[in-house]
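Written below as structure tokens is the structure these notes are about.
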Amino acid sequence: MEKVKQRGLSILFQVGGIVLALLFITLILVMIDTNPLDVFRLIWIGATGSMTRMTNVLVVWAPLVLVTCGLLITFTTGLWNIGIEGQITLGAIFTTGTMRLFLDTAVSPAIVIILSILIGMVGGAIWAALSGILKTYGGVNEIFGGLGLNFIATALNIGLIFGAWSRPGIASMSGTEPFPEDYWLPSLPSFNLSWYSIVLAVISLIVIFFLLQGTHLGLRLKAIGKGIKSAYRLGIPTRKYMMLSFIICGLFAGLAGALQVVAVYHRLIPSISSGYGYTGLMIAMLINYQALWVAPIALFFAALNISGIQLPIVLKLDSSLTGVLQGSLVLFVLLMQGVKEQVLGKK
Amino acid sequence: MNIGFNQINKYFGDVHANDDITLFIQGGLIYGILGENGAGKSTLMKILSGFIQPDSGEILLDGKAVSIETPADAIKYGIGMLHQDPLDFPPMQVIENFILGQEGSLLLSYKETIKEFEELQKQFGFSLDPKAYVDSLTVGERQQLEILRLLWLGARVLILDEPTTGISAQQKAKLFAALKFLANEGKTIIFVSHKLEDVEDLCDKVAILRKGKLVGDVEPPYDTDHLVEMMFGKQIKVGTPETAAKVQISFKLNDYIVEKHPLRIGPVDFELRKGEVVGLAGMEGSGQDLLLRACVGLLRPVAGRVIVNDMDLTNKTYLEFMKNGVCYLPASRLEEGLVPGLTLTEHFTITEDRKKKLFIDKEYFQKKTKNKIDEYRIIGQPETLVESLSGGNQQRATLALLKESLSVILLEHPTRGLDMESAIYMWEKLKERCRQGASIFFISADLDEILQYSDRILVFFSGQVSSPLDASKTSLEQLGQLIGGKGWDGMDNTKVKYGKS
Amino acid sequence: MSGEIILLGLAGIIEAGAPIIIAAIGETLSERAGVINLSLNGLIILSGMMGFWAALETNSIVLGFLAGMLVGAIVAAIVAFSSITLKQSQVAVGFILAITCTDLAYFLGNPIMGSQAPIMYATPIPLLSGIPIIGPLFFKHSIMTYISIIMIFISWFWISKTRPGLILRGIGEQPAAAFVRGANVKGLRYFYTILGGALVGLAGPLYTLSVKAGWKGTITGLDGIGWIVLAITIFGGWNPIRVAFGAYLFAFLQWLGLILQSTLTFIPSQVLQVAPFPLMILALLFVNLGDTEWVERILATLPDKLRIKILKIIRATQSRPPAALGTPFERE
């Protein structure tokens, strides 16, 4: 009975957080003389209004799920892998590089795509490993090491787009020369969505769920996250596991970056990571690091991303409003979590 | 000033830390509060000094009810408290520590304050360097600083919580002299301790607490047996050291030197025999904790070798030491001992080497944990989170987590914060390990514990390490002198080479 | 390069360093009290936009700065409330705010993109600005630049020489000890976090009204500054003087990037523009190395004299955070 009551209260506070976030957005919209109902309606229609939009939501959903899955691993280990953005970017760069290498060879496109994705994953892992090395052997907090590596990744990406891999004739913000259609990950006819991405995302979800719930590796990572000194004294090689944790996360991030190239943009563009890394961090915080919730919340965030596109077109509002909505949701839910702990005493 | 506690109650979660305590303390006396760890002494004193609030009850000063909501209020009433763990600022200077909290002008006037500080400390025969950094002081010196600071702020009531833990015999004598001097001046001294002889030596009157309740108060002459009975509610028997032929060497230090600013420890030449217990005595910060860490690879030596069962493990990591049957149990149980947020079962899972497939065999570990809980009489369930266990049970869990066959166990303050029963149980289990062939190396601030359980003793004084003393031929007096830096010349220390600090 | 260009460059560095110094000093005060305000990147962008907006509406630069400070104070108050009162992770809340404030700035600032707000011009100090070399270097700046320089010394003086400064150090170091000495730990943490946030909020308008005048949405060029400020706070060892050194170093690197752009044409200009960011963060590696196990391991093998010398250098360059940084305080 007590447990049921606790759970009920817990949900009440969560809903309270969501309501507060919506109120906050409403307040902002009223302040700038916009009808909030118009906006919320547009957000709904923007995500569900047509088949194209709905499939586009799934196009965003797949990489969001992948990065969030990776981040659950680092969060479990007690690591703030802010460098995830750079890891996605490197995944995309490595994938593009591999594709370019094989474009004019006799190797069949299917093999090239598979190989490129694998190399992209390695790229993400390498970049994550750098964060890990800075942390474990350089004493640099992973937040700052990761940020530094994000900056470098961005510079590298832009450097390639405008330099070595620039389009013949004019280098531009629109990215590198698109790949021929043979080298695209097959997608649904007349949509941009590839079933392969969805399948990969679902597999990742399952893998992460069981990794965290039932394996020795998952439990050991958790022990490190909860108390690194004690874990070391109990005989867990903490540094090795932290590196492993970074690398696993990097593999997922690299996969997300690879899919951005082979399934979505079919080329390298300046903002190839689309900020999914940061969105993934927000999702992980919102779901309190519970693997079960990744799929629905990522879907919701993806829907917001897609509907944001309609805002400037229809209402002349900047699309970053959906980002504000996502952020304030996470913020208020987290704050209400804190209020609950203060009111009920920590459980 | 007379102090009255009227029906004070305080809960921490389910624990009734102060159970309806009503007590009158007459001014101008040295008043002892005696009780074992966890009896509620500190809680009561923290309430008096404004650090925590009682759930009910009132405090009377000279018969008038007052409300003391913060330490600042307490000091306004003239009540100052020395906490058990020194509450000061280690990276700051003595004089900065002294000034912090004093009200006054915006700009700090060190010169004048230093003059006042010097004058004040002369009265007590203390000799602290006002420019020294607090992290270079011993616990005893930090206590002196705190006493001076409180008096300077006008304290008329001085509460001292376990002040004789970790200080030298010399410093203790100085402290007692100072307290007697203050009592003569009309100040009220409240002396909180679990050490019978200290209380008997010093106090004009003693109140005894047990399990949060006031058992009664006693005036001199004291009957030790009676005090013990009041403290524990029963007579306690303690184990005796065992002697057996111990010749095999399991752990060896060769000219081992460890450095950590500002200490240099060693060189130490030492052989630990199989089945032997060796105690490391010394005031806090004399280097014994650093040596212990260096013995398990948590700190690197700057010279010398460490050899475990004929294996040279110098400069190897702690994990290598573990593989070779060495284990270290630190003092801070929830920081370095157990992982808060993990259950007992999860602890037994992560420490298991065998049965490691990809997935966890939950049934197996559940059963294993149940067995261990029974074997070590831990009060808790397999799914209990370790942080919700009591201190004694946490320590039992730590023991239960040790590997089956160990050759050396190193412990830091193995019984700190434990009640008497748990402490005795702890040593029973450790002795059992010794009979199975393990050797023990341990640090304790409690000299009695060291004398009682050790076969041999190493004494530390600001980085110097004595040659091993035979515990059965060493007296408490002698040991107290040594940790205070006295009597080193007369010792048979042919093997000791002095290091510079 | 002629002397004049170098002089102009150096003066530019002092000008460009101003907002970074002000923000880093704000963060230093907050962290000295024990609270990390990780929201800086979003906070600077949002305060820059709001300050620009306020100045645009009121045609007053002063009101622009005040608006920025208000935004900073509000955001810092959220950080303070969630970490001091609600005891939530400072990193989590700070990060969420960093992202959300950025989006909010771009959203609210959309309509005023590219508008013309008043710009703060230099106010040369009479007489002093006439001195050769020193004049143009230090005395031909905007008022905020002078303030930034003065602030270095005031904050240093406050922290190390005054009674409240001593208490500030105390609450970040050992809050329980400060509490028994009568300090209102939670109240003071609120105060310094909000004050620090307000100072950071000054940096935003200083960019949009002076150093990088204008609001151009995502290409205003403020993204990343906040992270650098956080890195500089660590690099500076929570000491305003060292923090200022770090800020000028960063401004210098940025200037160097611009100079090199014209000579090293084979490197895309976008690369040189971001180069100072990772360099600053790599500087953290340098101040943290002494703490790592492998360095300790190598040091232990060196002969005594050499080791003591190296240890001295490490101790001088290392930056040690306030001991209670990031942890909430509760009186049991």
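So that you can tell them apart, the chains are marked A, B and C in the order they are listed, and the count of residues begins at 1 in each.
FYI, a contact is a pair of C-beta atoms (placed from the backbone, for glycine too) under 8 Å apart; a residue touches a chain by one contact, two chains touch by 3 or more.
Model, not experiment: these values are computed from the prediction.
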| item | value |
| --- | --- |
| Chain whose mean Cα position lies farthest from chain A | B |
| Two chains sharing the most C-beta contacts | A-C |
| Central chain (by mean CA position) | C |
| Chain A-chain C separation of Cα centroids, rounded to whole Å | 29 |
| Inter-centroid spacing, chain C versus chain B (mean Cα positions, whole Å) | 42 |
| Rounded Å distance between chain A and chain B, as computed from the means of their C-alpha atoms | 48 |
| Chain A-facing residues of chain C, complex | 38, 78, 81-82, 85-88, 91-93, 95-97, 99-100, 102-104, 106-111, 217, 224, 227, 230-231, 234, 267-268, 270-271, 274-275, 277-278, 280-282, 284-285, 288-289, 291-292, 294 |
| Partner chain B, residues of chain A touching it in the complex | 210, 214-217, 219-220, 222-223, 226-227, 229-237 |
| Residue ranges of chain B in contact with chain C within the complex | 12, 46, 49, 51-52, 70-72, 75, 81, 83, 87-92, 96, 99-102, 104-108, 261, 300-302, 315 |
| Interface residues, chain A side, partner chain C - complex | 28, 32, 80, 82, 134, 137-141, 143-145, 147-149, 151-152, 154-156, 158-159, 162-163, 278, 281-282, 285, 317-318, 320-321, 323-324, 326-328, 330-331, 334-335, 337-339, 341-342 |
| Chain B residues touching chain A - in the complex, by the definition given at the top | 318-319, 322, 328, 330, 334-342, 346-347, 349-351, 356-360, 362, 401 |
